[in-house]
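Across the two complexes that follow, chain A remains constant while its partner is chain B and subsequently chain C.
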Partner chain A sequence: MSTRLTNLLLPTAVVLGSATGLLLLAGTNPWDPLRLIVEGSIGWPPFEEGTSAKIGDTVMVWVPIALAAAGLIVTFSAGMWNIGIEGQIILGAIAASWVAREVSASRPVLVALTLLAGAAGGLLWGLLVGVLRTAGGVNEIFGGLGLDFVAVSLTTYLILDPWRRSGVASTSGTDIFPDDALLPSLSGTRLSPLAILITLLAIVGVWILFRGTLYGLKLKAVGRNRRSAFLMGVPTNRYLLGAFMICGALAGMAGTSQATGFHFKLIPSISGNYGFLAILVVLLARFRAFWVIPISFFFAMIAVGSSQLDLRLDLSSTLGGVLQGVLVLSAMFGMGWAAFRARRKIAAGAGGAG
Partner chain B sequence: MSGFVNAFVDMFDTATIASIVAGASGLLYATMGETISEKAGVVNLSVDGSMMLAALAGFVVAFETGTVWYGFPAAAAVGVAVALIIAYGNIRLSLNQVAVGFVLFALCTELSRFLGRSYVGRPPVFVPAWDIPGLSSIPFFGRVLFNHNVIVYLSLLTVAATYLFMYRTRRGLALQGIGERPEAAHARGIPVNKLRYFYTAVGGALIGIGGAAFTLDVRAGWSDGRTRNLGWIVLAIVIFGGWHPVRAAIGVLLFGALQAFALNLQPEFPSLSQVLPTMPFPAMILALVIVNWKALLKWLDRYPFLRSILRSDPPTAIGTRFDVG
Partner chain C sequence: MSLELRNIHKHFGAVRANDGITIEIETGTLHGLLGENGAGKSTLMKVLSGFHAADSGEIMLDGEQVELASPEDAIAAGIGMLHQDPLVFLPFSVIDNFVLGSPGHRRLDRRKAKSDLRGLCERYGFNLDPALPARLLTVGERQQLEIVRLLWLGARVLILDEPTTGISADQRGKLFATLKSLAAEGMSVIFVSHKLEEVADLCDRVTVMRRGKVVGEVELPVPPEHLVDMMFGQAVEIRGRYPVPLGISHLTIDAVRTATGLLSEEPVSLDVKAGEIVGLAGMEGSGQDAFLRICAGMRAPKHGTVAVAGKNLTGKHYRDFLAADVKYLPAGRLEEGLIEGLTITEHFVLTGADKRFFVDWAAGRRRAEDQVGHFNIKGTEASTAESLSGGNQQRLLLALLPVNLKLLLMEHPTRGLDIESADWVWEQLLARREEGTSIVFASADLDELLRYSDRILVFFSGRVIGELEAATSNVDEIGMLIGGRTADVDMGNSR
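Entry: the complex of A and B
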């Protein structure tokens, strides 16, 4: 009980403390920016009337973070550091953009196709990281990073050359997609119930995968100890590839949501760094699927809300990123410290008994 | 096609080679730092962030004091602080090195943007040029090696010193021991974890100095994301270099050559002007595929000399914890 409380209270205290310290250093009182973050993301007081557009934006930032985080739980369970997640989101967005630009069909068909294309694009990019790892012996961190760079370059190239805007090519992105290709949303907002549904299904799916299926169990065995899993007859390489494919497909749909549900066009920074943010989310959630829902939402609030800081307080919007980093780092060290004390207590107890 | 050839030929002109050497200093310090840290068994995955934060610290201190040399110890201090957090988290609290490193990468990157806001676009402070008298007038080599500044000379000396220390001294042997076989090192009376703290800190200091070499020399000045992605290149080059200081240094120079090549290509392929500068990054990753390619290594086994040049085996105990008793 007391350790659980420390686990929760210590990081919170550290975050509040360091946030206050940073803000005092920056020369403002600490309350205003925090209130502005809440106000900018869900309204102040929360969920007031007239804030539906803001809330819609926050939810549509939550969607890609949570989808990517759900995917990352799978790769983390297999013991893989899928830093290539950014590239997988981007390739999903590119594939969805391609469908949105080139295919004409009725809206339901087209939306389904953009989602499928996104999943396929992300899946292939994830598979590539997996193949580099299993067949090429390239550590997934570096294979993934290399493919991230390739994906970013590819996006820039597409935007500046083959998919350049009618008139003049600019790094502000492609032309807006036709209406029929966009994720259906509530009027006046970006909020797309379909995207929310897919995200929740993905999270439940990942939870079931590790709670109720043999596949998930074997995947975890591969992550815990690859050698003994292999000796027990689990085809480890195939499972690793599977993990990358699942994660890539979910990340790719996050990319679709970014392209056809948020920006409505392909832009150079289409991933919004949400892949890296999702890694932080999963580390904070300690690989538990349902915790991804609230933590991703909290991170989305910070991401959307801190953009207000530039406008209103002459404070950098980067404060949000700093807070997220401090939060995860202090949570990790808080939990590590609690575990260390627990081990030490056990050791002392054993020593006394012996 | 001829554009391609011209761009390639242009890389071998004396001025270009000299500029590659001059531009390599930051990466040389940082790769030596990361190599030392990983040799001791601790992966410092934060490089991309800690190098950037150190680069900012170096610039700020040099800018505020007006003395460029003060920037370097400040940057080194930032690098040491981040490295010690990783070492403490791993050795004392048994946290995952990669996880702590990644979080610190994210945090330091954001911190550098947050704290560096008011220094964007400030006039840069430069490390003064200093030709080595006599040596700098040697044809070709004078221009390439002895026509720079103290930071560049020291970066080359750091490579030599790292190599000599690691492979030619007793303490260097201990450093290898704690990364390869910590149990054996412990049995020989070597304080494994104490030395891991020490070498991670040394590595962090060099990573920090590498950052400052960018903001005070190679790309003097500060802007958002001044050294972005270079830290990841450092991590890739350490693997490419097979955890050997001299090979890693060659990797740094190859990377510089690739950058020069991409720069030379730009006028030939204007539509790719945004894409080409990022190409050395994936190219570096491709190089990793080659040095790790099992079929190739198997074939190389028949040619021990080639194998010894190309192989890339990590320290056995890299990324793991060592618990006494």
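Entry: the complex of A and C
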């Protein structure tokens, strides 16, 4: 009965406690920075008039985090620690950038092409991790990490050499893409209804995949016990590759959104580390697809809102990143603690009855 | 050292594994602990060796109460546990294994340790080369290594958990002799087993456990029926075998040989007809597991052919064997059979015939409920695989088998099951056989091999050393072959 409540209250208390502690350590009262983060991301009081640009930014940060998290649920369920998600986002951005720069077509066609190219880029980069794993025996963590570095270097090379800005080569990125290649957005903001739609579809799709399909059940079986699944006749390698391709395609679309929906050009840190953030989101959501929506949004708020910290409170804006890390660690600790307490309670309850 | 357990309680969730256990063990005795699987023996020994904390109760050593919060505490108090699978680090050398658990963290006097090891080996007639990698030791030698290690650490109470699983009759004799001389020196030995004869052979006293309680304690010897009655509450009836008309060849292994290692020396041939049961005997790792894997298509032989129902499947993928109605059930039920975290329903959906993209959960649940009832699985359709006991996991695995099966390959079909569950498993298997399924199974249990097989293939050191008709063979004959002795076996009448 009260176990459910403990499961919720205990982690919350731990999270609030450690966030407060961190902010006190940083030399501020806890309330001001939190209010500033909310104000900087969705306005204070929230959703006031004149805050649409901020909200648009926050939503467009939410899009890549949530898309990558949806993809990661698939690979994690298949038992694959797809740390290569960053590289898959970056390759998606690169592929979308190529289409945006090189192809000319009407806007709907071009937007569709950038999204498809992004998905394909991420898919191939994910597939590469999977092939290294299944055919080469390279652990997906190391393979993925290696390919992350390759992707980052490839971006820098493209920006500084073949795609350098007219006249100057600068790490500030390529030229802005032509208007027709950009994700259509509401006027005066970056907010793109199309990107939101794709993200929600991806989350619902992943939910259905594991809720109602044999493919999802087999992926889960492969993730939990590859050997048993193999003996049951599941082609395990094919399923692992499938998981990487699904995740890579979603990550690639996240990269597209970054390139054509947020920065409007290719920049060196195009992924914004949102792939790594998405890993934390999935761990917090405990693989449940719909929890990705609010948790990603919360992370997006911190990411966008914390830029206000140094301006207004003389705090380093990197505090936002530290805050995200502390929140995740303390939430996981709190959940683990609650689970431990629940187990002990069951044991003690049975003992008392006996 | 005398040992007393007073009113030990240990619960796991709603399961009362130990429900008020009181046992007294005198110095210098060999004390048997007998009970079927799930009786609570292992839990009790884990409490005693500091692995689990008891919910309540006291442990007294030489009249003084001790707190055992960890295995480290237990060994410091003089209680050493020899686990069912000896805790030996295979890549390490014998001497490294020997010193691994020694107290302290910095200084390590290898020279002294080596001479201590030599001394202990000499004293008990063991022959362990300190420099040898532990992976080259037999299971019996690994036990010897564990015993001298525990003695070196100062153990005065020695607990052995099912120590005779997987060792040869020879090694067993040697182990028993060692235990007897240890007891004569004042060591208290607790011998945990579900094998009646062994306890009767070895022990001075025996405590019998059933369902978490002590149900009796007697001075040996007593008539074995008396012990069986205590263990099971009733005498168990041994089921006879009856012939089944054999059909066409379901499995034809022709002159199969691997490139290196097991089964590489001599070709093996075997023909199994529909409705026939072939047992594979041999010490663990003698080649029978490798043979089963070849039959299952998990491993391709270097030479020779494997055919199922007349169709040559040599070198084909495992899934082609599955498609030819071959099913392989390895020994590790939770490692290589079921999937932790998935429910019984999900298992049925995974292995079911319905291959549509969207799962019909209602149908899956109905099938799972039916099968849970039909196979008398203690659990519900929503139970996860790991929440089931070993016997119920085996029931689930049998329930998951496809309806039409030409060939069933099993490793240790009843290992770790109590007699009731084991009988039940064989009832199911014999019913399959009547429907024409051929069964090839490996077992370490000679009675099981003799009782249920039509023919028995005996493996020794990576080759087939004999093929026997079960009806005209006996335990002694198989036992000799398992030990590698062929001289007095007339190979002429075996086939």
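Basically, the second predicted complex is superposed on the first by the 343 of 354 C-alpha atoms of A that agree within 3 Å, B and C clash if a C-alpha of one lies under 4 Å from a C-alpha of the other, contacts with A are read in each partner's own complex, and residues count from 1 in each chain.
Everything below uses one rule, namely that contacts are C-beta pairs under 8 Å (C-beta built on N, C-alpha and C of every residue); 3 or more make two chains touch, one makes a residue touch a chain.
For clarity, every value in this text was computed on a predicted model and none was experimentally measured.
*Asks:* With the two structures laid over each other on chain A, which partner does A:217 touch: chain B (first), chain C (second), both, or neither?
*Replies:* Second partner only, chain C.
*Asks:* Quick one: classify A:105 as touching chain B (first), chain C (second), both or neither.
*Replies:* Touch partners of A:105: none, neither chain B nor chain C.
*Asks:* Determine, for the superposed model, which of the two partners chain B and chain C contacts more residues of chain A.
*Replies:* On the superposition, B touches more of the residues of chain A.
*Asks:* Is A:139 contacted by the first partner chain B, the second partner chain C, both or neither?
*Replies:* The answer is first: A:139 touches chain B but not chain C.
*Asks:* Looking at A:233, would you say it contacts chain B, chain C, both, or neither? Reply first, second, both or neither.
*Replies:* second
*Asks:* Quick check on the superposed pair: does A:325 touch chain B, chain C, both, or neither? Answer first, second, both or neither.
*Replies:* A:325 sits against chain B, while chain C stays out of touch.
*Asks:* Which partner chains sit in contact with A:201 here, chain B, chain C, both or neither? Use first/second/both/neither.
*Replies:* In the superposition, A:201 touches no partner, neither chain B nor chain C.
*Asks:* Scan A:225 for contacts with chain B and chain C and give back first, second, both or neither.
*Replies:* second
*Asks:* Write out the stretch or stretches of chain A touching chain B in their complex.
*Replies:* Contact set of chain A toward chain B: 22, 81, 83, 132, 136-139, 141-143, 145-147, 149-150, 152-154, 156-157, 160-161, 171, 276, 279-280, 283, 316, 318-319, 321-322, 324-326, 328-329, 332-333, 336-337, 339-340.
*Asks:* Okay, in this complex, where on chain B does chain A touch?
*Replies:* Result: residues 45, 89, 92-95, 98-100, 102-104, 106-111, 113-114, 117, 229, 232, 235-236, 239, 271-272, 274-275, 278-279, 281-282, 284-286, 288-289, 292-294 of chain B touch chain A.
*Asks:* Give the list of chain C residues in touch with chain A in this complex.
*Replies:* Of all residues in chain C, those touching chain A are 9, 11-16, 19, 55-56, 318-319, 322, 328, 330, 335-342, 346, 349-351, 354-359, 361.
*Asks:* For chain A, which residues are in contact with chain C within the complex?
*Replies:* 212-215, 217-218, 220-221, 224-225, 227-235, 346-347, 350-351, 354
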